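Take a look at these structures.
In the two assemblies presented below, subunit A is common to both, partnered first by subunit B and then by subunit C.
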Partner chain A sequence: MTVMEYRNVLAEFQGEEGELIPILQRIQEKFGYITEDAIKNISPFLKISENQIYGVASFYSQFRFTEPGRNSIKVCMGTACHMRGGQILGEAVERELDVKPGQTTKDKRFDFHRVACLGCCALAPVIQVNEDIRSRMNVIKLKEMLDKYE
Partner chain B sequence: MSKPSETITINIDNQFLQVGAGKTILQAAEQNHIYIPTLCAYKDLTPFGGCRMCIVEVDGLRGFPTACTTPVVEGMNIRTNTVQLQNIRSEILQLILSEHPCSCLICDEQEECKEFSGTIRKATVTTGCRYCPNDGQCELAEVAKKVGVKEINYPINYRYYRVEREDPFYDRDYNLCILCGRCIRMCQEIRAANALTFKQRGQKTVIGPAYNRTHIEAGCEFCGACVSICPTGALSEKTRKWEGKAEREEITTCALCGVGCQVHLQIKGRDIIGALPADDPLINNGQLCVKGRFCIPELINNHQRLKKPYRAHDGLKIELTFEQAIEEAAKKLAVCPPNEFGMIVSQNITNEDLYIAQKFTRAVMGSNNIDTMARIYYGAGLNNYVGLMKSSATLESLRKAATILCIGLDTRYGGSVVGVELRMANRKGAKIITINSHPHNLSIVAHTWLKPESGEEVGFIQSLARLIGKAKSKRPDAKSETKPHPSDNDIETAARILAESSSVIILIGSDVFKYLNSPKVLEEIGKLARSLQAEIMPLPAQNNFNGALLMGAYPELLPGGFSSARKDKQAQLGEIWGSQIPDWATSWNAEAVMTGKRMKILYLIGEVPLRERPASDFLIFQNLYPPESIYRTDLVLPSAAFTEIDGTFINGEGRLQRVRKAVEPPGFALPDWKILCLIAQKMGKKGFDFDSVDDVHKEISCQVNGFSSLDNIKRETVIMTLEPACLTGKSDFAIDPYQAPDSGKANMEFPYLLHTAISEHTYRGFPLASYVEGLKKLFIEATLEISPEDAKKAGLISGDEVIVTSAKFEKTWPARIMAEQTAGILHVTLPQGEVPGRNPYPVRIRKKNV
Partner chain C sequence: MNSFQQLQKEAGKEWDLLQKSTLPVIYVGTASCGRAAGAKDLLESIKKTLEENQLTAKIVEVGCIGLCYLEPLMDIRLPGRPRISYANVTPDKARRIIEGLIINGNPQAQMALGYFGDEDGDLTHGIPRFFELPMLKPQVRIVLKNCGFIDPEAIDHYMANGGYAGLMTAFGKGPEGVIAEVREAGLRGRGGAGFPTYKKWETCRNVPGNIKYMICNADEGDPGAFMNRSLIEGDPHSVLEGLLIAAYAIGATHGYIYIRAEYPLAIIRLKKAIAQMHRYGLLGKNIQNSDFDFDITIKEGAGAFVCGEETALIASIEGKRGMPKSRPPYPAISGLHNKPTIINNVETLGTLPNILRNGATWYRQYGTPGNYGTKTFSLVGKIRRSGLIEVPLGTPLRQIIFDIGGGSLKPFKAVQTGGPSGGCLSSEFLDTPVDYESLGAAGSIMGSGGLIVMDEDTCIVDVARYFLDFTQKESCGKCSPCRVGSGHMVEILERITKGQGQPEDLIKLQTLGETVKRGSLCGLGQTAPNPILTTLRYFRSEYLSHIKEKHCPAAVCKELIEYRVVPDKCTGCRRCVNVCPTGAITGPRAEPHNLDPTKCIKCRACYEICRFDAIAGDAIIIRSRRSIPDEQTI
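Let's turn to the complex of A and B:
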């Protein structure tokens, strides 16, 4: 992403403070996530400090600060899943893919997030990969499953 | 909504009260001395309603509204202290404390621990739990006590954050943070530095700058305002951590720049342990900059302070008693011919010191050879600068201006109090235009940021003036004959704003003195101001620049700012002093010291002009710290610092301000005026038998308007007036008079041009960064700023050591690659004593191979 590309996005706006969220949304739509450079470019445009922009953006879960992977894994850490080993699944993902929560693997194959309750507690522990819910997971199943995604 | 001027009647805890409409319940209660516990509310900040400590019951309102956010209305019936409220508050506080390590609040042993500080070791150390540096001065503890929390009935949920110690001056332990948001609001609403924000949300909420940036990276000004208002020990001053509470305070004027903020020095025993801002509506309004807030104790209590007179020969120190030292000085001075004596005084000393210094030079030595280093610092621009200084605008007019033009100004660390005013003015609608070839902290509030090519400032200001002229004559369509400038749009907009503005004020920052042709730049600014009928406010980096002028600490000036060539003034002064005043003009000044002219006696008061010993048969060095690398000094005399004496300074606006003695000087150190008087008396001269500094001040009052007595100072009026006497200042000087000066042009052998600037953050000739540890990280001095192209050519990356060679010197500095640096030009900022000489220097560079 070049400065020019950010400029083009910003050119759609007036430069008023209230436009921060729409701008962030537009940036995410276009580039997939909010880059540090994006914040650097928004700051002089809206005359809001980079710190404040980051504060606002990090408040909303809709914004992400890391490049999305080709696939996205969400491990549920809700109460039910936690009781049935969600934590262990999370650690297994970290180990297998060498990735920390909120980050994307080096080969961009997966991004990894920990989430609260995916709404199917009866099937705990639960993992969501892209749009698919994988229920009653364990570490062995997890390993097999990961291989299926490119 | 009722108008704020109306008063209404409300009832708080069964008392009927008359309060101003538009107030919050909390304000109304506080005004009437009714206590409501609070944690997140703070007087000047917008209410946040986050901690819910201040809940009250109000008839007709459901639930428990927070007093800090709820406005009063006529007839409101409020209860602040019912059993139910107390219970809820206690529960809320317990919840807060369940995340906040707080053995200090709820330990059973608390009372005994405080008193006896029992030990668990068989040693004569006292222990007790001290997790938090706020010990004994914690708002959270006070509130807990008032609310009556004794135990915590919630599961403990500490956060285990790493304590952040990477930035200078204050540490951050967010384990202790209660997320009251005061620091954020302070940084945004009042400082407008916007370094802090809430990050994430819910359980994960934490405070800090974007990403995991340090405060230095995030644009923090290290003003300490957030540290002052944090109700917990989360933010704590590094140097004051375990000092506890101050025992007393003294209000004085900060001596570290020309703004002249009022500070409350925090004193414990014989030491200054801190400095806090005074709520002074004229100048600093409860704010300070990093120098005033954090640097004073380290400067004053520094272990390097001189305590005794001595003589230094070949690295050998021979200590003397003060009597011996005075005698020695008197003996030497008595036989020194007037034209063989020279005195350099610091601008940072008080008016009383300066006055006595010039009186000593004139009345005792019969000489006009007294000067300050301003002549070197401002160079050929000195006269222009003095011209602008003497009619400086006040902060009051800055607050009223419609448009503010800032030239070469960055207020992050220097004069950041003015930066606060600027951003306040901006919020109230004033437009800010900045001219700066470098990124600077004001760019974010600037309506337009004009970026002249570095080195092109003169032409740039001229074209701005032309465009303003054109905009004023209302011929917007007329085609310009000048060729278009790359950022013509911006410059045209700026010109239009300036032309149409009802009141303009021009602020001049110290970067102007780094410009290639600063005297000319100043001249152009002067012209611009006249054509706009704008006020000008130069922000001198040095404190008491005005005082040195008005006291006559220059060969060309007498007290009152009169020309020393005026016979009538000479006679008048001779009468007051009862002695002969020199009537001969001198050619000696600070430049003579720089060029190595040898004097019989050179007397340095609070200045360090050169790294090596300046040429003189006998050298007297009177200051706070020893001269660098104990160069052979015939006599070293210990001075008292500004916190240890009474007197006055004149700030950049021209205000006379009081300096107050807070602590005793170390060892045998004495005020500068006192030392001079002792020497003069020893030499048998009359007119130096002052009992106190007040007597000195009174003598000044016969010669300078606005002075009366120390107890009678009127800060409200500006006293600066100055005769248009001419000071000489040349832009260049050469260290080595025996060599032909450089051509000042790049050539085959030396393809680059090196520009040097003198570091501006000094006190009494010493760079602050050498004496205050934390400043080393903020004031990046002695690094070679180089453009990316040049760096590439020389194969350099930032941080590489570079050897810079000219015909006369070879120096090594680390490189810093700066995108804005013009190719072919190198820049370095150096302490006064290390500047190699004539600017600019043709040089060549090469990377140092380790």
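Let's turn to the complex of A and C:
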């Protein structure tokens, strides 16, 4: 990511403080995560300190500070999913992919996150891979599913 | 710009065209839950089947009708005939249904779920009426009435069904008239607290100033609840019309919808709907000649539960960390950018068009005095028929869980209302009418509408630990009782679930819970101990089992359970041997396998494969470790 690329993103905005979260969201959407360089570029644009930006960004669980994998896997830890084995699915992902929550696998095949609720609670437990939500999961289905992604 | 009457007329024509279509119409529920259950594959299969059979049909994508457990759903209406609904439609099943019904006129009643409209001889023979199904019969659908019936991306569908007529009535009444009507209807906020809607509007309206804001709270952070997502996905214009009515009443100049980023489909549908409103002159300057100017911005939340709290939500829109502030001043007086601001929940807003269109008296026929109208609930957990429902306030819990939801999977243990800030109620409370005061008196809260059902296989201590762990992680950290106190409580609960609890832990939990409740600034901390305090009261013996006997009656707590092979049942198919990641299960084919507990990591793989793929089905059991000595006989 070059300075130019950040500038192009920032050009979509007016430079008001209230835009910080939308800017971070846009950067993450475009580049996959929030880099130190990104924060350095936003700071003069919004006239707020890098520390302040980091404080806001780290407050919200949506923002990531590590490079994402080629695929993204989110395991729901919401109440409905918890009661139907969400925790066990999360552990299975950790074991199968040798990855901790918030991390990306060494081969960059997957990044793994635990999320609060995906809104498909009636079909719990659910897992989201990239854009697709998989319902009524179990460890066996999970293993089969992981194999389908490169 | 066309007049409203003209727009309505055109919309009506468009809708009639679909209703009187000379082609078969196929409806597919493609809301998030439908998609998660495979609606996209279903759509592909429908298109392919039509093509291969050289059939033409109209396909309409609709929102969720609430029977999430039966997704994906597909309905077919032959020209001039009733619409027939089918459940759990796999791509293969879709082919059989289409070929049967569209080609041969055979509805295959054994596969059908229900029909809409009038009885129709052989076509509906042996099929129940959809709205007579046990899950639907006790429901009153006001807010959800369009969900599953209209194309949520077609503003004409909404308008043809009375859409935006409530807004026009509001313009006719004037802002004070709208406030009076909503007061008369007795509407209370559906976001949790049940505060009278008219009251905060009135406060805001009376504050001088020419800049005011109206915010729709679509943060829906309660894990296990999806009422707001479903409404926005299934009928976005109803929420937007409500937002306009509220904005008009308080004299707002700009509106925001604060919606969680985890709801991408809802965001797309809102954006499309807003663009349509601009085209129809329902947003912008001088909306439908009312002299009212208004526009809406969508703000995506960034994943923090506390941002559902109104002052934190405002901070988040301002680009700051979502930290709650102490009130007063209330946002109605000084909110976003220090201007008067009203925040209403999605469902509160979705109710407004109905009240304005049909009047307060009509609305008051539903519910009970002080708790008028209906409420939507997401029915999840260990329940047979999970999904989204709408019932009049005052409906007893028993009717919701057993008549509508079909009861729990295993014998009923408890129901959690109000999400992580709510309480856990035991079977003695099943006759409690669901209204704000009765739930409060039982030690729980109404909350936004999540109902989580627990059965014998749910461990109460584990659930309590789960909720507190959630709120503790979501605590913004500003108040130390909330931050430190809940952290300490989580530690104690963790110890108990590991079988390391001490008898005095229960007293500690009680005292800490009460301190956190009293000493926190916002609703998050004030309510976080509720699940612990209610379970300590109603399920104390389950805590004691964990502490004294190191026994988890529900066989959930990992440290207290064990996996076992039941030799008499095991057929020796080796499926479990193959999936076990640690080699804990061994044994030759056709002989009962052996499970080495010292190698077992309790990953559940053997259990799942036995239940779903193996011949035996139930040869692997999970049970509390304590129960082993006295059950050696199996």
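Assume the second predicted complex is superposed on the first by the 99 of 150 C-alpha atoms of A that agree within 3 Å, B and C clash if a C-alpha of one lies under 4 Å from a C-alpha of the other, contacts with A are read in each partner's own complex, and residues count from 1 in each chain.
Just so we're on the same page, a contact is a pair of C-beta atoms (placed from the backbone, for glycine too) under 8 Å apart; a residue touches a chain by one contact, two chains touch by 3 or more.
Source: prediction; values computed, not measured.
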item	value
Touching partner for A:S43 - first (subunit B), second (subunit C), both, neither	first
Which superposed partner A:E150 touches (first subunit B, second subunit C, both, neither)	neither
First, second, both or neither for A:N51, with subunit B first and subunit C second	first
Touching partner for A:V115 - first (subunit B), second (subunit C), both, neither	second
First, second, both or neither for A:A124, with subunit B first and subunit C second	second
In the superposition, subunit B vs subunit C on subunit A residues touched	C
Touched partner set for A:F59, first subunit B, second subunit C, both or neither	both
Touching both subunit C and subunit B, counted on subunit A across the two superposed complexes	55-56, 59
Partner subunit A, residues of subunit B touching it in the complex	188, 193-201, 209-211, 213, 218-219, 443-445
Residues of subunit A that touch subunit C when the two form their complex	16-22, 24-25, 46, 55-56, 59-63, 77-85, 88, 91-92, 95, 115-124, 126, 131-135, 138-140, 143
Contact set on subunit A toward subunit B in their complex	36, 39, 43-44, 47-56, 58-59, 65
Partner subunit A, residues of subunit C touching it in the complex	32-33, 35-37, 68-69, 71, 220-226, 229-230, 261-264, 299-305, 316-322, 378-382, 386-388, 416, 419-420, 450, 452, 454, 458, 463, 466-467, 470, 476, 579, 581, 603-605, 608-609, 612-613
